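There are two complexes below, and they share chain A, which is joined by chain B in the first and by chain C in the second.
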Partner chain A sequence: MATQDEPSIFADLDDGATEEDVESVNRWERTLRLWRETIGEQWRMLTDDLLVKLAMVTLTFFMAVAIFAPLLAPHGPLTRQYETDAEIIIADWVDPVFIDSESAYILGTTSQGYDILSQLIYGSRAALLVGLLAAVFTAGIGTLVGLTAGYYGGKIDDTLMRIVDFLYGMPLLPTVIILVALLGPSLWNIIFAIIVLQWRSTARVIRSQALSLRERPFVKAAQVAGASDWHIISRHLAPNVLPLSFLYGAFAIAWAILAEAGVSFIGLGDPNRVSWGTMLQSSRAYAALDFGVWWWFVPPGICIGLVVISGFLIGRGYEEITNPELR
Partner chain B sequence: MSKASFITRRILQLGVTFWAVGTVLFLLFRLMPGDPTAFVVSAQMTPEARQRVIESFGLNEPLHIQYIQFLQNALTLNFGQSFHTNEPVRDVIWTFLPNTLVLMLTAFVIAYILGVTLGVFTGWYRGSRFEKTTVVTALTARSVPTFYVGLIVLWIFGAGLGVIPMSGMGSAGVEHESFAARVFTLDFLHHLIAPAAVLAFYYMGYPLLIMRSSMMEVLSQDFIDVCRAKGLSERTIMFKHAARNALLPIITAAAIALGYAVGGSVLIETVFGWPGIGREMVNAVLRRDFPVAQGTFMVLAATIIILNFVADLLYGYLDPRVTYD
Partner chain C sequence: MSLNTPMDDETLLEVRNLEKHFQVDEGIISSLLRSVTGAEADYVHAVDGVSFDLKRGETLGLAGESGCGKTTTGMSLVKLHEPTDGSIRFRGRDLTEADDDELAQFRQNAQMIFQDPFESLNPRMTVYDTIAEPLRIHDVRNETARVRRALEFAELQPPDQYFNQYPHELSGGQRQRVAIARALVLDPDFIVADEPVSMLDVSLRAGVLSLMERMTEEFDLSVVYISHDLSLLRHMCDRLAIMYMGKIVEKGPTEDVIENPQHPYTRSLINAVPVPDPGIGRERVELGGEVGDAIDVPSGCRFHGRCSEYIGDICETEEPPLEGKADFEGRQEVACHLYEPADDVVEARVGETTDTGDDSAASADD
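And then the complex of A and B:
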């Protein structure tokens, strides 16, 4: 590490007090560097664990698949590959390659005539979109609310925490189902409904952290030095709760993907989009179980499981960093 | 704050939470953009018939009157009548809730017995291959959606081997005098096995992981060394001394988890065609039968809220170190 960049021991105090424009560029650089160092350090600790590494590889793989879906998928996910004489409903499927080596479809097709491999590839888009958006918003809103409640205390804390208590009284899946049924079945509404409930746990945990942080000397010092509330929350409190926010974000990826799969499976999925949940739903609607068309309903579940367990493993790996007692 | 005033405050909070959940539910169904009666009244009805139906449900009144009416009814646990079958919602709940409870409690008891035992062993044999495998298995069990495991079980054992029924709670055409008479039959057990096993497999992970970390904490305490110094056998230390002390977090976590389990019953009941309250809620939502949807949702929410409350009280009762402030 470059020694000339070493911040003075009064850096925290200086930070709130200096107002000159000349300094502002340096301050931004310093903030950026601080954030980069914190994240970099935690990244190194995280990638120490073999299971976490595997989880990261899995997530990266699915992310690449999602990004390059149009290049990778041999067919459109919702384009019928063939027509039958009956025209309206195609109740026939093509066997996958490993059963019928003549087959033109690697994983076969559904009874509606859709290519399963293409559906799986496009399904990763829905899953990751739900997972990442939900994670970012869950962690973001939860952290902001938790810090505000914990820092200000009093009435603000009471009000915010009563909202969180109320949200804790709502069962996750039933609430998402009702919201989606009322707002209309689209992926965005599902994501919205998940976020509405999910930030509750992040907020609760971050608040209790903020409650103890605000009594610490460096916060008192910043207050004495005249730093604004927002300055203290964003520069002094936020970096200290960052590991916890990440932790809850990682878990949120998993929970959100599970919730989306569940809602889609019930039949409230986005009809214009393929997700792993809607694949399972249509396989059930077409009685794939009874016909033993396992190559239709087995792969989507494996994909869900892989992505979700990656989220959990990363979360757990992170938990061990934030809570050294677990190691 | 004393214990009594803590409990009073907590009970007041309970009332407020119930009111808030009810109000939000009421508003959700009535303040959605578009015609609020569109969900309620079928478009094919003649205008007169439509008007009669709207009036019979009190939907022609202004919103605040409806709201007051709703609150009054909710206090007497009256959630109106089903738009679909005209049955009182209370009766609908009484038909479906016991089925859910039987399934959930069976799964829960199995899950906690297995989960806690495995948790004790994983905490004890920390760092071993056994611990690693068990923990990863528990995480996997929680990562694969329950309804998917249910589908696979149905495919292998139902459609493939034919040893479990494909759906429902009892064979068609069999009538029973009462709910109890029905539950204690082999046929019922036969239907119960698959969904209960799938659920138990899923729920097992949570107590296992909690018990494991709780065990680790207890094992690092001095009294375990004293036990060793006294020359007690490993088995005695593990079960009689360590496990009993590590059990505390499990009990409160179980109360909370049970609440969420009842709330999360939706999917497993759908897959196995189990006539429970979660599946009924989904069906009511899908056919826009909002009194039933509202009533069943309230039951699910109430289970969570009450069990959270119980968990809070239990915690203070079981752990004398807890102070109320």
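And then the complex of A and C:
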């Protein structure tokens, strides 16, 4: 690069006159910092909003509950506290403390003799597992597909977007129900089915972002400098679409939890696991509503509501960051 | 031979008949219809046969109204576009045939400076990362020292103070200096500068322009300046090429073209510029009539719809070649039927036996 006739301003650096690479700035450190600052900035903007803060606190609370469930729950979620007359569905439950102060069970028991509080606590595990895994994969797959389609364009874009269009033709809940019915009722299948359907919206939005980003001069400048496609996607496109990925991830939490509750409610839930959805389902099966056993189905309903609303609020807060016009 | 090896007085870049056509976006329905009826897709003829040479250390200006294809030409020169047809040779090597190694060498040697410094820097990257990026891509050693040197050259002093700043913390002029530092950090031989100061505050332009002059000098750079601003190009360029609808209509030494314009289009462009003053930029040149349709290009001379010198049918039927002319003093080449081809052009023609020879013989008779 250095010309022989007219030494360039970098000439002495090329002569090897300087000792082994005196790099005062480490490149990994810098890449790391780029990401840390991007995420940090998003975080600060996000937590600016009181509602979002409350939503975060709620989610954190449920996360803590889920993690420490074995310590917090007084009983096993599927441990019968007493035996009812076998085979017969009867209304044989223990009232919660606020009805019967003698009761040993804070939220009472179900008619099968399960402790409701313990079920609720363990149920948060299923909800958050579904919510977080679905969110991570929805945002992850959607972002990757969207960036690839948007950046490369042409046939790759066409193919990927036809797949997305195809998925858009399927309604979320019915399709998840059918998939789970086919694959077998387990929590993992539910998560899988939700992810398969949900990445579509993220992919579509990220693609349109990538389409406009790739025309921006700073991407062109990187191309002129010889950057590989992967370099451009990971360094130039990804950091700039990150807020949108987060936004769709946050919404995905809410949708996934709702979908899981719905699937469980109609009886396709994981039989070996308690979730809020399966609690609702069994309360319906035992006609809790008819017997006025509201403490069986109201608490899981509230929990679902709280987590779902938190997800939407965080998503909403993110929307305001990514789309300043909403402010 | 390596693309990195400089030679004295070499022709760095040879562009021959460069064409870039973009297919017009169409929906699925119309593309289906087209495949059934067998009709041809519409193409925008952004660049339609551009040729020029660029010597080492030489600066060439590409001028014209917006939409004349000058930016597309510039982008093709640094391989942001694959040309539809024609060739670009860098140090004698045809870039369309270059292998990966040669392409990487070309990428090190050819850089671009963009119009809008607010858009050409990634808002999420610090100044240091932005300038160091080309070095990392090409695995060049002494990253920090080089970045520092490049910043110093771009008059961003002291350089270390800028390392951790983000583009939004800088002024427009500083950003364009960062963009220039990024273009220079690989020590290139060739730079395309697309309207480098048009987005800057008038008060900052002179500073950035003098930096670019210094860079051309110091790095012995060949630069293609793209601008609608003739007074800027006059100030910065050794040679000038005026483009109209994807073609060069007049090309030659800057002084000849500006002082003694021959092509009717060039004249109208220059007449629209009242006083040449290199320090001050100007709004886009206005000209009567509409620019022709870039999809369904006009026959013959593309300027015939707006030309004040229109001399009859030949303007609409014969495409005037860009060639040396006999009727005036200047050294420029002009694509217009008003002038007789220079003697050497005619001689060269007579030697040819191809059909183009016949065409030009006919036009020479007019």
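Just so we're on the same page, the second predicted complex is superposed on the first by the 294 of 327 C-alpha atoms of A that agree within 3 Å, B and C clash if a C-alpha of one lies under 4 Å from a C-alpha of the other, contacts with A are read in each partner's own complex, and residues count from 1 in each chain.
One rule holds in what follows: a contact is a pair of C-beta atoms (placed from the backbone, for glycine too) under 8 Å apart; a residue touches a chain by one contact, two chains touch by 3 or more.
Just so you know, these numbers come straight off a predicted model, no measurement behind them.
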Quiz item: Regarding the shared-chain residue A:301, is it in contact with chain B (first), chain C (second), both, or neither?
Solution: first
Practice problem: Please work out whether A:161 is in contact with chain B alone, chain C alone, both, or neither, and reply first, second, both or neither. | Solution: neither
Practice problem: With the two complexes superposed on chain A, say which partner A:236 touches: chain B (first), chain C (second), both, or neither. | Solution: second
Practice problem: Please work out whether A:73 is in contact with chain B alone, chain C alone, both, or neither, and reply first, second, both or neither. | Solution: neither
Quiz item: Which of the two partners, first being chain B and second being chain C, lies in contact with A:141: first, second, both, or neither?
Solution: neither
Practice problem: Have a look at where A:254 lands relative to chain B and chain C in the superposition and call it first, second, both or neither. | Solution: first
Quiz item: So, A:34: does it touch chain B (first), chain C (second), both, or neither?
Solution: second
Quiz item: After lining up the shared chain so the two structures overlap, which partner does A:211 touch, if you call chain B first and chain C second: first, second, both or neither?
Solution: neither
Practice problem: Name the contact category of A:220: first (chain B only), second (chain C only), both, or neither. | Solution: second
Quiz prompt | Set of chain A residues, in rising order, touched by both chain B and chain C | solution = none
Quiz prompt | chain C partner contacts - residues on chain A that touch it in the complex | solution = 1-6, 8-10, 13-14, 18, 21-25, 27, 30, 34, 38, 216-218, 220-228, 231, 235-236, 239-240
Quiz item: Which residues of chain A touch chain B in the complex?
Solution: 51, 162, 165-166, 168-175, 177-179, 181-183, 254, 258, 261-262, 265-268, 280, 284, 289-290, 292, 294, 297-298, 301, 304-305, 308-309, 312-313, 316, 325-326
Quiz item: Can you name the residues of chain C that touch chain A in the complex?
Solution: 4, 6, 8, 75, 78-80, 103-104, 107-112, 114-116, 119-126, 128-129, 132-134, 136-138, 141-146, 149, 153, 163, 179, 182, 186-188, 218-220
Practice problem: Under the touch definition given earlier, write down the residues of chain B that touch chain A in their complex. | Solution: 13, 16-18, 20-21, 24-25, 28-29, 32, 136, 139-140, 142-145, 147-148, 151-152, 154-155, 158-160, 166, 213, 216-217, 260, 262-264, 266-267, 270, 278, 281-282, 285-286, 293, 297, 300-301, 304-305, 308
